[in-house]
Amino acid sequence: MLLYDRRYRSMTIQVVVFILVMAAGWWLVDNTIRNLQALGKDFNFGFLFQRSGYDIGSPPIPYNSDDTHLRAAVVGLLNTVIISILGCIAATFLGTAVGIARLSNNWLFARLMTIYVEMFRNIPLLLWILIVYALLTEILPAPAAYRGEDPEWSKILFGNVALTNRYTAIPSIGLTNDPGMLDLGFRIMINWATIAFAVVLIGGWLVRRVVLNRAQAAQDRTGERPTTWWINLAIMTVPSLLLIWYFGLHLIQPELTGFNFSGGLNLQNGFVALWLALTLYTGAFIAEIVRAGILSVSKGQTEAAFALGLQPNRTMNLVILPQALRVIIPPLTSQYLNLTKNSSLAIAVAYMDLRGTLGGTTLNQTGRELEAILLMMLIYLALSLLISAGMNAFNARVKLKER
Amino acid sequence: AEGDTLKAVQDRGELICGVNTGLVGFAAPDASGNWTGFDIAICKAVAAAVLGDPNKVKYVPTTGQTRFTALSSGEVDVLARNSTWTFSRDTDLALDFIGVNYYDGQGFMVSKDLGVTSAKELDGATICIQTGTTTELNLADYFKANNMAYQPVNIDSNAEGEQQYMAGACDAYTTDASGLAATRAAFADPENHVILPEIVSKEPLGPAVRHGDNNWGDIVRWTLNALIAAEEYGVTSTNIEELASNSENPEVQRLLGSSDDLGAMIGLDKDWAKRAIMASGNYGEIFAKTIGEETPIGLARGLNAQWTQGGLLYAPPFR
Amino acid sequence: MSESITREINRSHMQVSDEIAIDIRNMNKWFGTFHVLRDIDLTVHKGERIVIAGPSGSGKSTLIRCINRLEEHQSGQIVVDGIELTGDIKNIDKVRSEVGMVFQHFNLFPHLTVLENCTLAPIWVRKVPKRQAEETAMHFLEKVKIPEQASKYPGQLSGGQQQRVAIARSLCMQPRIMLFDEPTSALDPEMIKEVLDTMIQLAEEGMTMLCVTHEMGFAQAVANRVIFMDQGQIVEQNTPTEFFNNPKSERTKLFLSQILGH
Amino acid sequence: MSEMHAETVPFVRDTMIPPAQPPELQSGAVKWLRANLFSGPVNTALTLLGVAIIWFLFSHFWDWFAHSVWNAGSLTECRQIIAERWGEGSRGACWAVIRERWHQYMFGFYPPELHFRPVMAFGFLMVALAPVLFSETVIIRRNVLIVTTVATLLLMFLLKAPMVWMVFAAVILIGSVILAERRVSRLLVFSFLYPLLGVWLLWGGSLWGPIMVLVALGLGWAAWRLLVGFSPLLAMIAGVLVTLGLWLFAVGPAASDARSLLALSIIPVDSDQFGGFLLSITIGVAGIALSLPMGIVLALARRSDMFLVHTLAVVFIEFIRGVPLITLLFVASLLLNYFLPPGTNFDIILRVIIMVTIFAAAYMAEVIRGGLAALPRGQYEAADALGLDYWRAQRLIILPQALKISIPGIVSTFIGMFKDTTLVVFVGLFDPLKGVSDFVRADINWKGIYWEPYIFVGAIFFIICFSMSRYSMYLERRLQRDHR
Amino acid sequence: MSESITREINRSHMQVSDEIAIDIRNMNKWFGTFHVLRDIDLTVHKGERIVIAGPSGSGKSTLIRCINRLEEHQSGQIVVDGIELTGDIKNIDKVRSEVGMVFQHFNLFPHLTVLENCTLAPIWVRKVPKRQAEETAMHFLEKVKIPEQASKYPGQLSGGQQQRVAIARSLCMQPRIMLFDEPTSALDPEMIKEVLDTMIQLAEEGMTMLCVTHEMGFAQAVANRVIFMDQGQIVEQNTPTEFFNNPKSERTKLFLSQILGH
């Protein structure tokens, strides 16, 4: 019988599974079609090209209520991406620092870091988002507090940053010698100066790599490593300074005009709160990962390195970290994924991410929940897969060294 | 789901009513979990008419975002959640608004210190709005029409929005004027906040049902009309028994089922309207009890007075 | 005894000089309240090959690890190659680059190739040019007979090969003294021989060696002194012949009977 | 040939040296401080930073906590009291809101006179869990059970539970304490029956529903029993089909028929009356209980060498892990009705539980897969060589070990899932964090209250999650000690 | 050679019957493109005790594992106890409950006690009542001389004890054939003896045994045939005396010199 021979058994089971899955899928699709019919709705994505009609605070690309829902969704997606990237970066730094601090032999500091980690790991993220947001709105003053001859609050950092309960006003960058904009289409413009800086920085970075390679070569040749930090510093800064001088770059300090600060950039509190909360929350998890990673490298490795005469910091860089990294990266990847997905809690703090636009206002104004939610899930899925793919590639590079 | 909502409700023995998650005066649970408010009264009236018991309602709290889906997916039988009747909602969203229970308009509330007296002076202001509402759209239109800039803060729930406004995180809070009044009434210092004179939109708020089930729509529509008509004819929860037996007014007799059997035409019994009115009183009584001037919310009747009093309430004849 | 170990050993270079390589005086060490090493006195001359034996937990490893300060001693004096081991970091670094150490579990760096394992310390500590470091490394890898494995990763080698890499790695720092902590006890029997052969070869070339081991064949063939430790003390030290044939203390007799016995 | 080995025999010493004090270089507090706080410039700086952080937190929040008001009817009243007691302009916490609304934070809109029922359900839950969680340590189990018994009865008394129920609870609780002492494996029967009992206590209604569910399960088991000699696989399929079929089509009618004979009914409570921690814990516990088996099945499927099964498992797991939970909750609340036959409408809490379960199961599958991968191949081979078939090998050999290895991961998945129950607020359920707080703040009396509910809710979450993580550490330690 | 192994062995029961226990014909196996086993022909009679030797990687383990189908062969025929091994699951199950296997790394189930390890398969596969299974288990545990450990967990036993439990576990299924895959190579020297003793005892009772081992003492004492494998082929088979004293192929000679050599 088909079930009793190993070769056919697995085929049989698979065929059955396949039929069952197809049947279930067909059942769902059929139900959906019939339900949609009953409701007199159809399944189409035309709504994406209709006028959206709502505004979004501080969109990363030009956007207003006359644009389409599609553009609103793109704005949301960009916001999601921005918060995710910034969150991942900040959380990585924080988590690494705390993870190492927990291993420090400073009793007090290690304890404090433990408390931090346990607090954040055991209390829902939503609460932290709300608390940070509330802290920002309740403790910081309204912009009006900066008004007048003798204001209650004054700007910090040489008058460059104003903390308010709506946003953090930071300076923006002005150009006296504005080279104009590059139009990328879709009303997305980039200042030529930005491009110039990008080119210079990337170029500088490439040159720096050449310098480093040559230093490495010199070390390989002579054993002594030439000091390169000042060359690097110069390469990274001088061209930029020249550009700054050429374009007449200057900071435009935020000034209180009318209700709000203008001139600078206003980082909305929703954004700041979400960023902080995601960073603190994910940072606590990353701290544990980093700590476990470092502890996973056996003591013998440190001893062997010491016995060879390597100094502790060299031991860390050359022996411990490369090995710890292999243990750290896979769980770190899932923390990045979590952070990206958790950014959808932006809904709680009025930050218009993908969930807020496509899955929120658009869905609500158009009533296309099936389409909007499916599309939104697909986009999140794509983001997740992208992050996984990137991290796996990185992991493969780190891992390659092992075997 | 066509044409059988009434039967479904009667079989279930319970009306499922989609309401706000918490809006003072309109729908909010109290400390012991009883829902009260202006919208709640509609639910109770419908339940009384259909099931004979105003308490056989299950309230499903919906957010601005989940409300229409909850209705169209059949999760609730009727949506009584201060929702604005608009063209696209009525058509594209496949809903049926069955009337207006509150004529509202979108306004702005600002702090007195701001020194603003007109919405036209709000150029550049930060404004808190609730996401997923028509206010979001009206706001965009209004500022665009007046060529002003603003910074929207899209808040998820009313409580959150008020919090932001009170902390000064927005210069102005915009929502329906009724909501503004309710919000302001609850402040520790109501006198320090002003509601600006501009009403920037028409916001006819009304209960909605699903497209397609016309009979059910009729029931809800005429239940609402019964409440309005009752006020017009002076039928109150206190005198209703008396009027039912000895009213001279033929319209009242038809309404209360003492002469014609209008109920049968919508699949109900004779006393349906009587029960609906008895549930929480006529329109005026409900208004006074939940959001009227005697309550902390202190709304004036304004547009929501009977047509006979110069308002817009005008129930079609029961005939 | 395995014949391969008792084979004719070239003792020509194996003279002991008068210079002192390691001088330990009255050294004591505690782990918490546990007194692991008690009043250790030990002088090792250049070119000496000392085998340390003793029951498990007697402090052999600890003693050896004190010599390159992987463990800190609490009282007494340890002078290595004329440098006293104190808290002074510079001294420690100096001593560590003069003293090679081979561990029971090899402790190779798994993320580096064999060659990189061998050149890491010369490049970063001794500041030797890479080319030269690699040449040296290849030289020593040839010596331990695995030059062809240079570009593999430790995980791809057998235990015996790994231990030989570990020895080569230490040798690349051109140490004057080598410490071995049970270098063969984690190895399969077939592999023990290859490692012991390497060590014998080292001994023949006159390296000063301290070796904790239970390979008594090795001790007899190579050592010029066997030290027996028990309970943190040096109980007996003697030439191998005397040690094996004529143990003085009861403790040593018992130990020898158990280890050679059955 | 074997002489070589002889030389490697470790010699083990048989006497211990008596402990001795090391020379005292420094002593007491000074030494400790130097070693632990001021051992170098970096360390000293960190210590100072730590002190600064503590001081900052203390100076900013202390007087707020110190000026707590427990007894007031509204926020305004609180503010007055604070101003009176500690002077105009001083800040203080107004815990009165918790005092007045605690029952909503705990139970949502669950009828107050029935509050004892959830309490009882959760008391029984501990009893049901005890033989599973503390199977080895008698003392801990005894303590847990006694504390549970006392606490449950006390709470029920305080919540004015009727006498009948008090007796019922007392019989079960005290009975379980005694049973746990005698034969703890008997208590597992209770653990097995608990889900139905718990559901009945929480939602109320007729007892016939749970009984019929049990009967169906019994019939499914009988079907399995009948066929198992013939083919284990077929038997399993038959068992599952019979059970599911009966659940879907026969349980409802049978229960209502039985009900008409004999009511056996207690006051029903609707899902929409659930809220606060009752909701969180209900969703959490159900999700935990269901996601573990589902995760196991997924993990086995993912490790299967059948291409199709493997692929399906991968697609499913990666899809679920790739989307945020709130989108899944939206699917539960907005879309599920599209996917099901017209007219089906099932409980929103059930829908949320299903989604949360699916979500947690995908994570669980990955955790368990790790555990399975960590098992040496030899275990599989030994099982094969003894002639155990796939399912028996999994059940008897592989899973018990793999699950033990994965305990830390499993528990942190649980903790994550329990924390995620706060997200149900976005589909209109009253979670304790935002759902309840939002409507409490919609009350005129408590408008503007902010921190107190958050701190209260946060503290409870912390206690629950922290104990779970400690429990997993205890378990890890215990499993390390055992069998070794 | 250890004396204990070369002691007088009771060969009274150790006759070989004419019945065929295992018949392998022209069997080939590949791992991917790697041809591990080439044209294996092997007939084992009931009561035979066969030792398989050969260098590492020569396919000894693979051969043994094909016999109870832990590995699938790709061509040729394997008949065990009259049952041909094909894809048919029922046959496989039957063969596996007739053939016991002991692994190099014991593979005891660490979460079960020794007794549970021994009763698991009888209860679940043979459907023996628990009481009876426990009696049988105790019987075999006594036979391997560790009845007192029955309620311990494997982790609490020494390697030799663990291996004896593994043997007892196999015996509890009352197999007609026992396969051993290097049963002693993961053991410390003192423990090897106790396991070999157990195996000798088994042999004395007439069990059909196939044993991969490097313990040549055991081979000489117990086996009635030694099979030498290299590169996936059976290079030579002979009686132990002939095999050791008079190896035919060069390969065998080399191997013997290495293994007995140093």
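By letter and in written order, the chains are A, B, C, D and E; residue numbering begins at 1 in each of them.
Going forward, a contact is a pair of C-beta atoms (placed from the backbone, for glycine too) under 8 Å apart; a residue touches a chain by one contact, two chains touch by 3 or more.
Quick caveat: nothing in here was measured; it's all calculated off a predicted structure.
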| item | value |
| --- | --- |
| Equivalent-chain rotation between subunit E and subunit C, CA atoms, steps of 5 degrees | 165 |
| Geometric centre: closest chain by C-alpha means | D |
| Inter-chain centre distance, subunit B versus subunit D - centres from mean C-alpha coordinates, in Å | 41 |
| Centre-of-Cα separation between subunit C and subunit A, whole angstrom | 51 |
| Where subunit A and subunit E are represented by their mean Cα positions, the distance between them in whole Å | 58 |
| Between subunit D and subunit A, distance of the C-alpha-averaged centres to the nearest whole Å | 31 |
| Residue list for subunit C, restricted to those that touch at least two other chains | 2, 193, 262 |
| Shared-contact residues (touching 2 or more other chains) in subunit D | 4-6, 8-9, 334-335, 337-338, 342, 426, 434, 450 |
| Multi-partner residues of subunit B (at least 2 other chains) | 1, 69, 160, 163 |
| Interface residues, subunit D side, partner subunit B - complex | 75-76, 79, 100-101, 104, 108-109, 111-112, 270, 272-273, 333-335, 337-338, 342-343, 345, 348, 426-428, 430, 434-435, 437-439, 441-444, 447-448, 450 |
| Residue ranges of subunit A in contact with subunit E within the complex | 4-9 |
| Residues on subunit E engaged by subunit D in the complex (per definition of touch) | 1-2, 65, 68, 70, 93, 96-97, 99-101, 103, 105-111, 120-121, 124-125, 153-156, 169-170, 173, 188-190, 192, 215-217, 259-260, 262 |
| Residues of subunit D defined as touching subunit A within the complex | 35-37, 39, 43, 46-47, 49-51, 53-54, 231, 233-234, 305-309, 312, 318-319, 321-327, 330-331, 334-335, 337-342, 415, 419-420, 422-423, 425-426, 433-434, 450-451, 454, 457-458, 461-462, 465-466, 469 |
| Complex contacts: residues of subunit E adjacent to subunit A | 86-90, 92 |
